[in-house]
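Take a look at the structures below.
Next, two complexes with chain A in common: one pairs it with chain B, the other with chain C.
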Partner chain A sequence: MDRAAPLLEVEGLKVEFDTRHGVARVLTDIGLSLEPGETLGIVGESGCGKSMTALSIMRLVPIPPGRIGAGSVRLKGEDLLQASEKRLREVRGKDISMIFQEPMTSLNPVYSIGDQIAETARLHDGLGRRDALDRAVEMLKAVHIPAAERRVREFPHQMSGGMRQRVMIAMALACRPSVLIADEPTTALDVTVQAQVFDLLKELQDRTGTAIILISHDMGAIAEMADRVMVMYAGRTVEEAPTEEILDDPRHPYTKGLIACVPHLEEAPPPVRAALTEIPGVVPALTDPGAGCSFAPRCAHADDRCRRAAPPPRDVGGNHRVACWLYEGADAA
Partner chain B sequence: MTVIVHRLLNAVGLLLAVVVFNFILLSMVPGDIADTLAGESGGASAEVMAEIRRTYGLDQPFHIQLATYVGKVARGDLGMSYYFNLPVSELILGRVAPTLLLVVTALVLAILIGTLFGVIASRKPNGAFSHFVTVLALVGFSAPVFWTAFLLIVLFVAMLEIMPLSGLVDPTTPRGTLAWYLDVLHHLFLPVLSLSSIYLAAYSRLARASMMDVLGSDFIRTARAKGLGETSVTCKHALRNAVIPVITIAGLQFSHIFSGAVVVETVFTWPGLGTLAFESILRGDTPAIMGILFFSAMIVIVVNLLTDLAYRIVDPRIRSARNA
Partner chain C sequence: MTAAGAAAKTAAKAAGAGGLLEVRDLKVHFRLPRRNLLTPGGTVHAVDGISCTVRRGSTFGIVGESGSGKTTAALAAMRLVPVTEGSIKLDGVELTTLEGEALRRMRRRIQIVFQDPYSSLNPRMRAGAIVREPMDLMEVGEPGERGPRVSELFRRVGLRPEQAALFPHQFSGGQRQRIGVARALATQPELIVCDEPVSALDVAIQAQILNLLRELQERFGLTYLFISHDLGVMQYICDDVAVMYLGEIVEQADRISLFTLPLHPYTWALISAVPSARRRKGRTAARVHLEGDPPSPIDPPPGCRFAPRCPFAVDRCRREKPALREVRKGHLVSCHLVGEDCVPPHAAASAAAVASAAASTIQPH
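Our next item is the complex of A and B:
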């Protein structure tokens, strides 16, 4: 397949944190690429490095104790890891925006939401006070907040969680970024509100062509939103494939476990309920990963080799890559 | 609006309670004006003592005395000072300006410099400046204010000889001229430095902790993700949230700083309310003491009201909660 340089390309990203218990390898050899208008889903349990990947792309990892050890993050060919802090501030909020998991605390309580949205427009697009406020109203309308002219003067505490997440989206998209990173944008919200937020993101993406990196631990949300899915475990990518492919034919035992964990209402009508599945064990300590596959201690298929050496990612056909010794034979295909 | 009316009614009730409580407290002190006068004049007969007590209404039953006093206070009459034979209110008004000058200057400086120190320290919590602030806070907090004052006198007056020892102004300077104002500032320097040292320590420590807390918030991460520089993040997004506890403590400490002023004024013979209070206690001048207590209670209540207003300006959450 012959392609031009992707919009965003991450290669060999390695992030470490100095902790009291030694160096934690938070991200090891992470790579991803993103095309305009595409949605990439990143899934995994808490602590697997999803959010850290997002923060590394923005270079918002707290340094120290964090350290970006190796790799590159290229936006339209420009390596952000080598860029100056000044250049990065131009990129943040303008080319790459981010929304967070906690809409209740991600907005500044002492400024009106209008001021907070307008701030981005004034900073990056050089708008005056009045024009920036008009932009804020326009953005609030775009995220379907009723009575936008009035609500632009309200403060975060006067709004519900779902409304605040809409405000966060309005703020993130105010300067029409080419990449939006959504870090668990609906985790803190009610199920009905979750669906509304996803619909809104899709609608805005259709209209603006923004590429989205959607981080979630919810396989259902990913299935609905993402074009491609990247599964992370203990700071590594274990599997990556188009969404359909990964849902129909998950290869890595961890991915299989994740998909099995999603309850299916239609398959188990009451009163006969199937027991919910779970993956036994917990994510290992990142300070002491050992030599083998980090999933081996929880894996039903693990053998001696899995405990000795970490499997490299290999192509199994159909844009599907998986890092597991089970598919060693498929390497040639 | 109703909120403000409510707060004012509360304040009046509180003042009434202060007056009654002070009166009861001071009437429990052994000895009265007759004893004091008798002591000063080297003894007096029982008839003279009774005469003095009748003049000052001390022969009345306790509840009548109390009611009379409360009634007078309500009309703005704080009684006559035994010692000066002047209305207490006049006495206080003559002394209030130097005290306010001292206290307000010290407090404002302590808040501004303390907050600045705290903000700088919070940027590098393990840096040298941050440790300096911690040590400063410890020393400032532990050192008694009179001791700090004496050390400053030793340094600036005795050794360097660049500061005046005491008083408000050199009496030979013509009043109202520029030289007079400068001389007041010159005399103000050491008292303010002594008084603000304790509070500076407290505020820098508080501001440091508050800033560090706020800098870890999610909305600070949002501000950085927007592309704001560190200066905007610190001064705009963090500071406004971090000053809320500083305002709370400033309001509470205003009453505290009054008591500190008594000590500092006494050390520097600053002609304010503090020295008046101290001397009135020594002289057993009950009306003056009660007047000063009433006046400082009033100041504290007014400052609390102002603190409340300041909150509403800084924090929109309080604004709407109190309006609701």
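Our next item is the complex of A and C:
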């Protein structure tokens, strides 16, 4: 294995879907890389391709109507897009696992949670029945489920939403994967429970060195969890930088809007409240992307060139990349 | 604020002398039938004795976790769920005893905007008909005036009148929520209940709707009862905020007092649970850990309902129910440990948190 290669590296990923209205360009030239122990946050509005990016990495894009038109997904150097189905089944759950937004739909209601966690461990680590069940109890303890020995025999419907989400995390981590993809893992949860889940993820990451891809539309959650942030818009990456950089010095007009439009909770709220910054308009249809910058119709800075040609991503220094014509000539090199 | 808006607000205040909606000791209990041997029947104490005053022309917020009774309280104010006990007055008129025609006339004075712009609009009705429906049902104005009024409502919420001919699926989520707002405005209500009106929307669209709601309030002196679990939104949109926990109000104050000096440990925990850039990765996490999930409103615990999860609970908390009392002007809290000096039990912990957060910002990392 090439020692310089990142743990996970995605390059030039292109995903399209055939729809009644033509071909939808769901992902265009998506790239990312991830090191062990690192957390990459992916933010963006609904439909911008966050989940599809995750599904492509697991090669779970529904084909047809979808297709992966180009690109590579290399895990420790191995291109998963070229791997056999058999190999992929080994990788999923063992090397890369995923937590979905709605825990109830991904837990099987007819099996006890212990059986479900144990199943993963037996399948991938070849553990015997007894050992697998012990692993399940150990995992439940790791995610702070009280009375784990008893709970292991319970069924999903007997648990609260927060507990089910913790069970999902236990399942996802049962085989100590090197990459965990968490797709909006707390959207359905109350804030106090969300805080428990985030703290738990951080704690487990500290212990195991798992790399995490955290998908969220909540910049606050991303700010708290991620080392690096990738901002997506209409199937493209418009900006990528270390979290500090994105928060303190966002460059892309979309990123700036995304940060400014949220009413942030202040410790001392100002007595006078200005109107919130709006990003006017709505996200474009992916079937008719046009030639220019996909954000141009909503952008206050858009000029003729923005409407004519899509801006290529540029390095603006400090590990910060942005795809916007405003930064032409700002190349760090 | 525009001059006209300011005038509308002042006029509204003078007319109503403060409270448009007065709620006293409101209880809404649901009886659960006994289904079988394993699941005993019981009573859900969904709303269990709340009191509040919603000032005319202002926004009153109710915040709290799922199941705390926010929606039930609002539905009770609209007489859409049976009131078990207590009084609700709109403009001095007792609502809990209204019947028939009087109830129908009252209903047009309170309207609601729902959380889900996808399921709350009838997919088979055109947008214009959706907005017109409450006017027909409640016989607002002459039938001939209703068409032009629909057009005007469309313009008012930032839609084009010709879009009235479209069906809901032809609109984006944010536009659908604008239709919901237009429908709520149709009967010229004084009070609009907004039940999580932006929770299902993307942040960019959320900002558009929040700005629209504030602008309409300014222009027409509307009063909002605003429900949300998003504290950032609450702090921005509300003038007064009540924090609910298991059917009860545990703290209530104006927005500045509540967020600068949260007194109840639950409010403090809620605030500290909000993810934020202040707790960026690598910095010391200054966060309270609330163990467990909210307990069930069926047979709630005796004493303080928050005691089983409260990091500061003492024996007295588990035995004796704390009363909601005013500890500073307009600031109400129900916690045994908040003294006359207004020092909350988490004062030491939050001071330590502030110190460690400050320390971690100056440490290179």
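The criterion applied here is as follows: the second predicted complex is superposed on the first by the 317 of 333 C-alpha atoms of A that agree within 3 Å, B and C clash if a C-alpha of one lies under 4 Å from a C-alpha of the other, contacts with A are read in each partner's own complex, and residues count from 1 in each chain.
Note that a contact is a pair of C-beta atoms (placed from the backbone, for glycine too) under 8 Å apart; a residue touches a chain by one contact, two chains touch by 3 or more.
Since the model is a prediction, treat every value here as computed from it, not as a measurement.
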item	value
Which of chain B and chain C A:M98 touches, first, second, both or neither	first
Touching partner for A:L326 - first (chain B), second (chain C), both, neither	neither
Which superposed partner A:I68 touches (first chain B, second chain C, both, neither)	neither
More chain A residues in contact - chain B or chain C	C
Touched partner set for A:H157, first chain B, second chain C, both or neither	first
First, second, both or neither for A:L123, with chain B first and chain C second	first
Contacts of A:S106 with chain B and chain C, given as first, second, both or neither	first
Overlap of the chain B and chain C footprints on chain A, listed as residue numbers	none
List of chain A residues in touch with chain C within their complex	39, 45-46, 160-163, 190-196, 198-199, 202, 217-221, 223-227, 243-244, 247, 257-258, 261-269, 271, 273, 275-280, 282
Chain A-facing residues of chain C, complex	65-66, 172-175, 202-208, 210-211, 214-215, 229, 231-233, 235-237, 255-256, 259-260, 269-277, 279-281, 285, 287, 289-290, 293-294
Touching residues on chain A, where the partner in the complex is chain B	58, 60, 88-94, 97-98, 100, 102, 105-112, 119-120, 123-124, 155, 157-158, 168, 171
Touch list for chain B against partner chain A, complex	217-219, 221-229, 237, 240-241, 314-317, 320
